[in-house]
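You will see two complexes here that share chain A, one where it goes with chain B and one where it goes with chain C.
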Partner chain A sequence: MLSYVAQRLTLAVCLLLAVSALTFSGMNLLGDPLVNILGPIAADTKNPNSIALIEAAEAEYHLDKSLPERYVRWLGDLVRGDLGVQFSSTGEPPVSNIIKERAPRTAVLLVMAQSLAVLISIPWALLAASRARRPADRISTVTSFLLIALPNFALAVILKYLLAIKLGWFPITYTANDPFLSRIYQTFLPALTIALPAAAVYQRLLRTDLITTLQEDFILMARAKGVSKWKVLLRHALRPSFFSFITVFGINTGALIGGSLVVETIFRIPGLGTTIVEAIIRDDFPVVLAVVMIATSVFVLVNVLVDILYSFLDPRVKR
Partner chain B sequence: MTAARRGLGFGFWLSISWLIVISLAAIFAPWLPLKDPGENYIVAGARPPYGPSSTHWLGTDQDARDVFARTIFGARTSLVIGFGAISFGIILGGTLGVLSGYFRGWTDRIASIVMLILLSFPGLILAILITALLDRGLATIAITLGILGVAPVGRLARASTLVFAERDFVTAARAIGSSNRRIIVRELLPNVVIPMAALSLLGMAIAIVAEGGLAFLGLSVDEGVTWGKLILLGAGTRDLERAPWISFGPISMLFLTVLALNYAGDRLRDYFDVKDITL
Partner chain C sequence: MSQTQASLRGGPEPLVSVRGLRTLFATERGLVRAVDGVDLNIHKGRSLGIVGESGCGKTVLSRSIMGLLPSTAHREGSVRYEGHELVGKSVGSMRRFWGQEMSMVFQNPMVSLNPVMRIGEQIAEPLRIHLGMSRSDARDTALQLLEEVRIPEPKRRLRQYAHELSGGMRQRVVIAIALSCGPAILFADEPTTALDVTVQSQILDLIAERRQDRNMAVVLVTHDLGVVAGHTNEIAVMYAGKIVERAPTNELFANVKMPYTRSLLRSIPRLDDDPHTRLHAISGRPPDLIDPPSGCRFAPRCAYARERCHVEAPPLQPTENPDHVYACWYPVGSAEFFEREEELVATGVHVRGRQ
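Then we have the complex of A and B:
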């Protein structure tokens, strides 16, 4: 067991190293950080004044070092929790500060979205599986199919129109200075936008697995002993049906991270999504790098956790 | 699957018909009797946006431009992006997958590592990264979204190649002295292409949706209209309040197209009993 966990974690670390090296060299080779720090002065290499400025900036941001050296330096800082300085001539706060301020909002949104998705999908799947191939199940299949075909930004626009503008049940915008609870309330609609299609995906899988499980002998046995239908579903059928659900929960986190970036910009939540978009427009690559690393790390780690959890639930995986 | 024996079904052909209609409309848009997508149809005495009417089927936007015509013209870019992306993904991912499934060994190991790395980026993050670093031309966006397809297509191609490479007809081809190249092109490709066709429909839907996501982040193609950009145009709170049709016109067109692609892809997958598609 322990060696399996160690093996999965090593792979995850290697993947993250590869991802960071790729992203870091891509950003450094294709972008020109000097232009972002100094503006047009960076191109003016004839004027001795600007040469002095360029050299000062190069020394300050370590741009005069070789690429591998800068990567190792950045990685060392990253491990100690320092995400580097923002590239700007006006003395913006270091990247870690921005991330510390904005990442929790995205995290709340994502956790809320995944919880909602799970809370919606389990009863939905139980209901559909218990009435398999009957009208209720058919309606639920069509509904989930339609939901999956609806892109998150379109769903965001529709929900915003229906629930926020027409019905007025939810606030339209997010206010960063509001108390925690009202910000949770403001996050509900964006979270629901992300959760609904995810719930449809989970429901489809769980329903299929539940239907397969319900045909097993031990279910027939339990029913024959007089256990009620719902008790069989909840106590006997649910747990062995969770395997593909858990795997897809991990894989789907990647799609949800992408979705949350888009939904954030629609509902104006100043989280990581808006941060990376602003940073891209300014070519501020330490910020872009930080957001990419956070998103990728979360994704990779969730999948490692899912793998480990899976091996607990199904000991056969442990090779 | 019992349903697979009954043929592809009515829904499949309905989906395909919709896809053909929308593709033809997109291709021939400049010659169709549509309103000019760039023209401002301002009516004297009334301020745009105008609601849906017999002259403007889906209404007009804030600048009095015809939403229906713009949606059809938007289909041109969106469909080209979707088609270009999945072609790129299929060609690169398919080649990678077939080669690694056929030759195994080091080819397989290196290809697997490349795919693992590609798969550890959350999809949209990778797309954001590439569009941020390169320009935002049509080809760049299409290729970027195509790169997202390389790993899933590659995995499927590798899995099916592994299965077929063990079959007797491949052994027979090798026994009569066929070259590797001939075995791959003549024996393996025709078999691997079928499951990939199902995946390509689903992948095209994903690419079209991903373009919309990029548009909302302000990172879609810099010129021309796409469905994503059209929806974004009407997504502001004030515009949604007074003129929801600006967004809802393109949304319905996008939704129907994605629905048709998903449904047709799913049916094909069931029909050919493809199991290894994970997206």
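Then we have the complex of A and C:
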């Protein structure tokens, strides 16, 4: 178990280094943060006053240094827990303040979305598998394909229209200053928008694995013992069928962090998704890197948890 | 038919009586007649062997009697268990019988135990369902059952998973589960095929012992006549969904009638054979059960078949012993059989004197 943790930690560190190095150099190859820091002056390279300002700004933000040097400096700060200043005229607020303010909103959104996806997909898959290749299962297949194929902004608009505007069950927008519980309530609809397509994917996988498991001899054996149909599904078939489900759950976490951006925009949630888009447009490297680091860490962490979960699901997997 | 009926009598009221049982599977290629008109009696405390090649419908027959079939299967005819007609009963109402009145031991203990459930829990499950035992009572009974099937260190096994046990031990666990609620009849479907030769006889002896102790009927399904020889009272030989010969075990081995049964017997290797004796094999494969041959279904593979065999299906008829029935126009011992045997020996196809 200890060597496993050590191995995973090494892997996580390597992954974080690779992702940050690639993001860092990628952004610096194409972007020019000076425009954001200085405004129109940055383009005015003939005026000596402007040139002085540009050189001052470059020195302040270390933009005059070579790329590897800047990366190492950034990395050193990161290790000390300093995410640096954002690339704006004042540099305020510092990146860590932005993250502290916005990350919890996205965290709530995604935790809620993944929980909803799991809660929806398991009973759905059980129903579909127990009626495999019968009409109910076919309707479920069409529904799941529809949800997977539908772009999430369209789904967001449809849900918003139906559940918020027509039925009035949920608030239309998100208000950052509201108390915590009402913000949770306001997050439900955006979370559902992310959850439904994810649930459809999880349901497909779990259904297929359940159908395979139901062919196994130990299922026939359970039936021969007189176990009822639903108990066979829940007690015997479900647990050995979870492998693809949790594998994709882990990998999908990464995709959902990316996908949250559209949903955050439509439901006006000032979370990490909207933050990173704004930061990319402004060539605000420190903010982009901070969000990327958080997303990568969460992704690695979730997948480590999935790995540990394997050994709980199946005693044959050595810990 | 009346002859068939006559041969099905024999002693007291049977525990299970099967009449005209047919099991059909709807497949994309057509209707598969896996069991095609079977009559059988299974008596309390007795052991019946169902023998035949793979694909002859033995497994489907045993599952059809028990009603343990996939939803694509259709059952016709009659299976009476202690006065209850089982054909036509819903899966929901069959559950009362499964595990409690009739239970089954499957072929491969590597895959017939749930890999992610502790052994103790799997044994306790039917006890809790059928006998309404509490968790702790069920655990105590599970422990007794493991002792009964002679598993070493039974207490430790309760907490273990299937993959931590050897094949023979797993099959003992499967037997413990099958015995748990004291069934009146145990179906053992090739219970030793997946096991080591040395373990095979231990498992068969265990089943025989439990049968005697509990006065339980046993249906032993196997392709291996050697397996049933010492462990059954009666044998039914199955071919292409039909029973082609049925007799008390000693009678069958002494006085085989059906050439198919004879071929099965000849394909058992024997210790007193000369070294390098070629093992007899039945050429060809069992017929397609979607479109079985007309007449006797074994005729296309039978060295003794004549014109009549290909046209007219032989009924089951009794020998001098009314408990011994066979379906053959030219059985072993008939004039036509000997005539053909002489020809075969003359052409070197058969070796004389080997039964």
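Everything below uses one rule, namely that the second predicted complex is superposed on the first by the 273 of 319 C-alpha atoms of A that agree within 3 Å, B and C clash if a C-alpha of one lies under 4 Å from a C-alpha of the other, contacts with A are read in each partner's own complex, and residues count from 1 in each chain.
Everything below uses one rule, namely that a contact is a pair of C-beta atoms (placed from the backbone, for glycine too) under 8 Å apart; a residue touches a chain by one contact, two chains touch by 3 or more.
Bear in mind the structure is a predicted one, so any value in this text is a computation, not a measurement.
After alignment on the shared chain A, the placement of chain B and chain C results in a side-by-side fit free of clashes. By the document's definition of touching, of the two partners only chain B reaches A:Tyr161; chain C does not.
By the touch criterion stated above, A:Leu16 is placed in contact with chain B alone, chain C being left untouched. Of the two partner chains placed by superposition, only chain C is touched by A:Arg223; chain B is not. Within the superposed three-chain arrangement, the count of touched residues of chain A is higher for B, of the candidates chain B and chain C.
Of the two partner chains placed by the overlay, neither chain B nor chain C lies in contact with A:Val72. Rounded in steps of 10, the angle chain B-chain A-chain C defined by Cα centres in the superposition reads 80°.
Of the two partner chains, chain B is the only one that A:Gly258 touches; chain C does not reach it. Taking every C-alpha of chain B against every C-alpha of chain C after the fit on chain A, the minimum distance is 9 Å.
When both complexes are aligned on chain A by C-alpha atoms, no chain A residue touches chain B in the first and chain C in the second. Per the touch definition, chain A reaches chain B in the complex via residues 15-16, 18-19, 22-23, 26-27, 30-31, 145-146, 148-154, 156-158, 160-161, 165, 172-173, 251, 253-255, 257-259, 261-262, 265-266, 273, 276-277, 280-281, 283, 288, 291-292, 295-296, 299-300.
The part of chain C that touches chain A in the complex is made up of residues 66, 68, 91-92, 95-100, 103-104, 106-108, 111-117, 125-126, 129-130, 161, 163, 174, 177-178. Every residue of chain A that touches chain C in the complex is listed here, in rising order: 216-218, 220-229, 235-236, 239-240, 313-316.
On the chain B side of its complex with chain A, the touching residues are 116-117, 120-125, 128-129, 132-134, 205, 209, 212-213, 216-219, 228, 231-232, 234-235, 237, 240-241, 244, 247-248, 251, 254-255, 258-259, 262-263, 278.
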